[in-house]
Amino acid sequence: MKKFVNDPANFVPEFMKGVILANPDLLEAVPEFQMIKRKDRPVADKVSVVQGSGSGHEPAHVMAVGPGMLDGACQGPVFAAPPVDACYETIKALASDAGVLVLVNNYQGDRMAWDMACEMAEAEGIKVKQFIINDDVAVKDSLYTVGRRGVAGNFFVIKACGAAAAEGKSLDEVIAVAEKVNNNVRTMGVALTSCIPPAKGNAIFEIGDDEMEVGIGIHGEPGRSREKIRSADSITETLFDAVAVDLPFNSGDRVALMINGLGGTPPAELYVLYAKAHELAEARGLTVARNYVGEYCTSLEMAGASLTMLKLDAELETYLAAPAQIATRVF
Amino acid sequence: MKKFVNDPANFVPEFMKGVILANPDLLEAVPEFQMIKRKDRPVADKVSVVQGSGSGHEPAHVMAVGPGMLDGACQGPVFAAPPVDACYETIKALASDAGVLVLVNNYQGDRMAWDMACEMAEAEGIKVKQFIINDDVAVKDSLYTVGRRGVAGNFFVIKACGAAAAEGKSLDEVIAVAEKVNNNVRTMGVALTSCIPPAKGNAIFEIGDDEMEVGIGIHGEPGRSREKIRSADSITETLFDAVAVDLPFNSGDRVALMINGLGGTPPAELYVLYAKAHELAEARGLTVARNYVGEYCTSLEMAGASLTMLKLDAELETYLAAPAQIATRVF
Amino acid sequence: MTDITIEQVEQAIDVASDTVIRNEHYFSDLDGLAGDGDFGTSLATGFKVIKADLPTIDKSAIGAMLLKISMLCSKHVGGSSGPIWGTGFMKAGMVSKGKTSVTLEELAEMVNAAVEGIMARGGAKLGDKTLLDALIPIAEKMKEMAPAGDAAATLKAVTEVADKAIDETRNLVAHRGRASQVGERSANTPDPGIVGVATILLDWCKHYGVDYTPTAAELNH
Amino acid sequence: MTDITIEQVEQAIDVASDTVIRNEHYFSDLDGLAGDGDFGTSLATGFKVIKADLPTIDKSAIGAMLLKISMLCSKHVGGSSGPIWGTGFMKAGMVSKGKTSVTLEELAEMVNAAVEGIMARGGAKLGDKTLLDALIPIAEKMKEMAPAGDAAATLKAVTEVADKAIDETRNLVAHRGRASQVGERSANTPDPGIVGVATILLDWCKHYGVDYTPTAAELNH
C-alpha cells in the first residue's frame, strides 16, 4: 500500500489532528465526534453552515471549515457516513438563533444520518434545516435509486452559502442560495485508477492499464461507461459535453469552471484539462467568469479528475468573490 | 500511462496554456520561450525575480509567478533545463533598472543555462545576478559533484525575495534575503512510487511494492537509501531528523514547517505527516510559526512527500506573511 | 391475556442482542454478496453495547428504555443501519412513553410506528428489497392478530412472514442501500436486513418455546 | 605557411555538422550507458540548424560567424551540451572578432579561450570525465605546435590526443553531467562528449587528407 498511514483505524483522527495543528488560531476539534469547528462560531445572529460525510475526499469536508465557508463539519470513516450522534453533536455545537443549515451530499447513509440528527436536534428546540446537494450528471436520475450524487459541486454550494451566512442572511435566504447553486451546477468525473481505503488495504475496483471509468463516483461507484483511455482533450470533451447539455449551459451564460483533481493527478495535468475545458466553454458561447483548478473533492489517491460548471448570476458572482479561508491554503 | 496528456511533445505548452487561460488578468505568456510573466512587470524601480527549470514540478516554476512571488519564469521540457535562449529572453523580458535576480536551483543543466544567459544579458548592459538554491540535505555535499540540489525550499526563497522586491529593496538587498533563506532552509523527501515523464512513457526508476526511496531527488535521482515502507510516523521521524540535525535547528528556534506532496499523494496523507512533524518540532523545542501543507514542488504523479524547515527571524517572518498570489489558488 | 411488561421487553432485546452478536460474520458475509459487507459488524458493534448497558439504563418506562437504545444505535451502529434501527427504536419508544407495560395491540402500534419511521427516514417502499419488505407485512399481521391477544400465535405468524420475505425478495433488484449500486447484480442474493429480522424472530420463537420450522435456507444454515 | 580563412572555418564547421548528424543515434546510445541518452539528439538537433543556416549567416568576420553559431547552440541544443558548446563557440568568437582569417597561433588562442570558457561555465576540471579531458590537452598541444605553423601535423596531433583521451578516461567515474548521478556505474563506459570531439577531429583528418589510424574502439565502430 503506497500510502503514508499508521494504524489504518487512526487514519481519520490523525489527519484531522494535522488540520488542527496547522490551523491553531482558526479551528478547534471535538475528537469524540470527529468534528472540527470554527473557534469563533456559533454566533447568535448568523446562520451556521455545517456538513459531514465520509472521509477520503479531502479537502472536503472538515478541511473546508473556515470563515466564509463551513462553520463546522464531522467526518465518518473513509467512504462511510458519520454516525448519527456525531451529526447531532455537530448541529448542537453550531446551534445559533439564526439557525443551522446542514448541507448534505446525496448519499443514503449521509442523508439518513443527518435526517435523524436534525429530528433529534429539533426535538430539543434547535432551529435546523437540511439541503441536499446532487450535482453529478453521471447518474441517470431515477425513482428507483437515491438519485444523483453530490460531488465537487458541493464546493460552490458551501462557498455561496458561507458568504450569504457571513453577510447575515436568514436561514431561508441561505437555503435559497443553496437551491440556486445546486440548480445551476453540474459535474462529471473520470477515473484513470482505483484507490485503496487504508483499512481495506486493497483497491475498491479493478481497472485495466489502458482503461478509464467515465462518470466515476467519488467512492468508486461505477459510472456511465468503462472505456479505453483517450487523449486529454477527448476526455475533456466527454466530460464537458455531459455537463453542458445537462443543465443546459447556453450561449451568453457566465459560468464558473472547475477542474477538480481526484487525488493522484498532479497540477500540470489538471491545467492541460483546464486549457481544453476553457476553450470548449468559449466555443459554446459561455464566458468563464471564475475558474478553479486543483483538489476540491478527492477520492483518496485516485488518478482522475472531474469537470464542474456553475451558471452564474450577479448574486452568485458576488458570493464566489467574497473572501474566505480554509485549512487548504498556499501561503 | 494513467495520465491526462495529448501529444506528449505538447504537454508543457498545453499546461502553460491552461495557466494563462486560468489567470488572464495576472499573467501573460511568451510561448516561443515557454515563458510566463506578470503582465504588470517589469517596472523600473523594482527588482525582478525570475526562475526557470525543467517541467514536472508544478506549481514550481511558472505557476509560482504572481504578485509577491516570481515576476517571470520559463520552463524546460519535463525534467530538463530550459534552453539558454529562453533563460536569456526571460531576463530580457523582466529587465529593470533595479535589476534582475535569477533564482537557480542547483542542477548543472539549469546552472549552465542561466550562467550563459546572464553573461549574454550582461553583455547587453542588463543588470542581472544569479543566486543558487541548494536545500536538499539528502545529498552529501562534495567536491566531486554539483552538490546539494534545490528542492521544495525553493518556495521560501521565492516567497521572501518576492516580498523584499515588492517592498522596493535593492538587488543586493534581495540577494541578501535569498542568502539568508537558503542558509536557513533544509529539505528531505521520500518517494513511495516512481513517476512517468509523458514523452518517456515509462517509469524513471523501479521500486518494489513494499519499498520507498529515502532522500529522493525531484527527478527521481537516487537518494540516501532504499528501504521497506514504514509507518507514516516513522517515515516522518526519518525526514525530520535528517533535516533538524543538518542546520541544526535548536530549541527556541522559530520555524516554518512544510509538508510538500510530490504529486500523487492526497491531502489527507499530507496532514497525517504534518501532525507528526509538528509534534517532533515541538518536542525539539521549536516553535512552528508558520506551516505549509500541500503541493509546492512535485515530481509529476510520484507518490511521496518532502519535509522542509526554515529557521525564521523577524525579517523572514514578515516576508512570509506578506500578501502574495499565484496561479495555484483555492478561491 | 396478560400485558407485556418492561422486563419482558428488556429480555426480548437481550435475546435479540445475542442473535445479532452471534451472527456478526454471517450477516456481514450476506451483505458482502451485493453490498459492502458491513451489516453484521455494524449491527453487532451496536448491540454489544446495548447488551452491556441494558441492565443499567433508564427503565422508568418502556419508552424511556427504547429511546436510550435508539441513542446507542445512533452512536455505535455505522452504515445505514444506525439511523434505520435507531429510528425504529426511537419511534417505538415515542408511542410507549411512560408505559411500564403494553398490550399486544399497543405493541402492534409500536411496531407500526417504527415501520413508518423507517420508511420516512430512508424513503424505501415495499419491494425495494430492504428489511421493510419484512417489517411492513409484519406490522399488518400484528394489527390483524393483536385483538385476539395471543402473543405466541402472533410471534409464530410474524416469524413466518419474515421467513417468506427472504425468498420472496431474493430475486428482486435492490433499490436502496449500498446493494442498489450494483443494480442487477443484487438479484439472486438474499437481503441481509430481512434475514436479520427473521433470525431475531426465529430466536424469539425458540426462546419462548414457540415452535416454528423455517423454510428459507438462511434460517437453516 | 598560410592563414586559415573564414571560408575554411565555415567548411570545417559544415564537416563537423555532418559528423554530428551522422552519429546522432550512436552518440545518444553512448550517453545512454551512464547518462540520460540525449547527447546525440541534443547535439544533432542543433547542428542540423547550424548546417542549414551556415550559408546565409553573417560572415563579415570569423568572430561574428562563431557568435551566431553560439546563439544557435543556445537555442537549439538541449541538456548541458547547449551551454557547453554554445560557450565554446562564444569564447572562440570573442577572440576572433573582426578577423576574416586567423593564424594557427590565433586559432590555438581561440581554442584555449573556448576551453577556459567551458571550464568556467560548468566547473569541470581535468579528470572529471568530460569533453574537457580531450579539450584541455588539445589546447596545450596546439599552443605547443602552432608556432611551427604546420596545420596538418597539428590536426593529426590533436586527433591523437582526443583518441587517447577516450581510453584514458574510460575507467574514471564521472563527476559532472547526468552521468555523475550514477556514481561508480559510470566507470568502464566511454564519455560521449570526448568521443564526439574525437570523431569530429577524425572526420576533419579524412576531409583534409591527413591520415591517422585511431586506436579507441569508438572511433572504429
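Per-chain residue numbering starts at 1, and chain names A, B, C and D are given in the order in which the chains are listed.
Here, a contact is a pair of C-beta atoms (placed from the backbone, for glycine too) under 8 Å apart; a residue touches a chain by one contact, two chains touch by 3 or more.
Just so you know, these numbers come straight off a predicted model, no measurement behind them.
Undergrad: For the chains other than subunit A, what are the connected groups under the touch definition?
TA: The remaining chains, counted without subunit A, group as follows: B, D | C.
Undergrad: How short can a chain-to-chain path be from subunit C to subunit D, counted in steps between touching chains?
TA: 3
Undergrad: From the C-alpha centres, identify the chain that is farthest from subunit B.
TA: C
Undergrad: Quick one: report the Å distance separating subunit B from subunit D, using the average Cα coordinate of each chain.
TA: Distance between chain centres: 34 Å.
Undergrad: Just curious, how far off is subunit D from subunit A if you go by their C-alpha centres, in Å?
TA: 59
Undergrad: Suppose each chain is reduced to the average of its Cα coordinates; what separation in Å results between subunit A and subunit B?
TA: 29
Undergrad: Touching two or more other chains, which residues of subunit B qualify?
TA: none
Undergrad: Could you tell me which residues belong to subunit D and also touch two or more other chains?
TA: Answer for subunit D, listing residues that touch two or more other chains: there are none.
Undergrad: Could you tell me which shape the graph of touching chains takes: line, ring, star, complete or other?
TA: Looks like a simple chain-to-chain line, open at both ends.
Undergrad: Looking at the complex, which residues from subunit A come into contact with subunit C?
TA: Subunit A reaches subunit C through residues 76-77, 80-81, 83-85, 88, 108-109, 112-113, 115-117, 120, 144-146, 221-222.
Undergrad: Quick one: in the complex, what on subunit A touches subunit B?
TA: Interface residues on subunit A, with respect to subunit B: 1-6, 11, 14-19, 21-22, 55-56, 58-59, 63, 159, 192-193, 209, 229, 231-233, 235, 263-275, 278-279, 288, 291-295, 298, 300-301, 303, 305, 320, 324, 326, 328-331.
Undergrad: Would you pull the subunit C residues touching subunit A in the complex into a rising list?
TA: 38, 71, 73-80, 82-84, 86-87, 90, 121-123, 128, 175-177, 180-181
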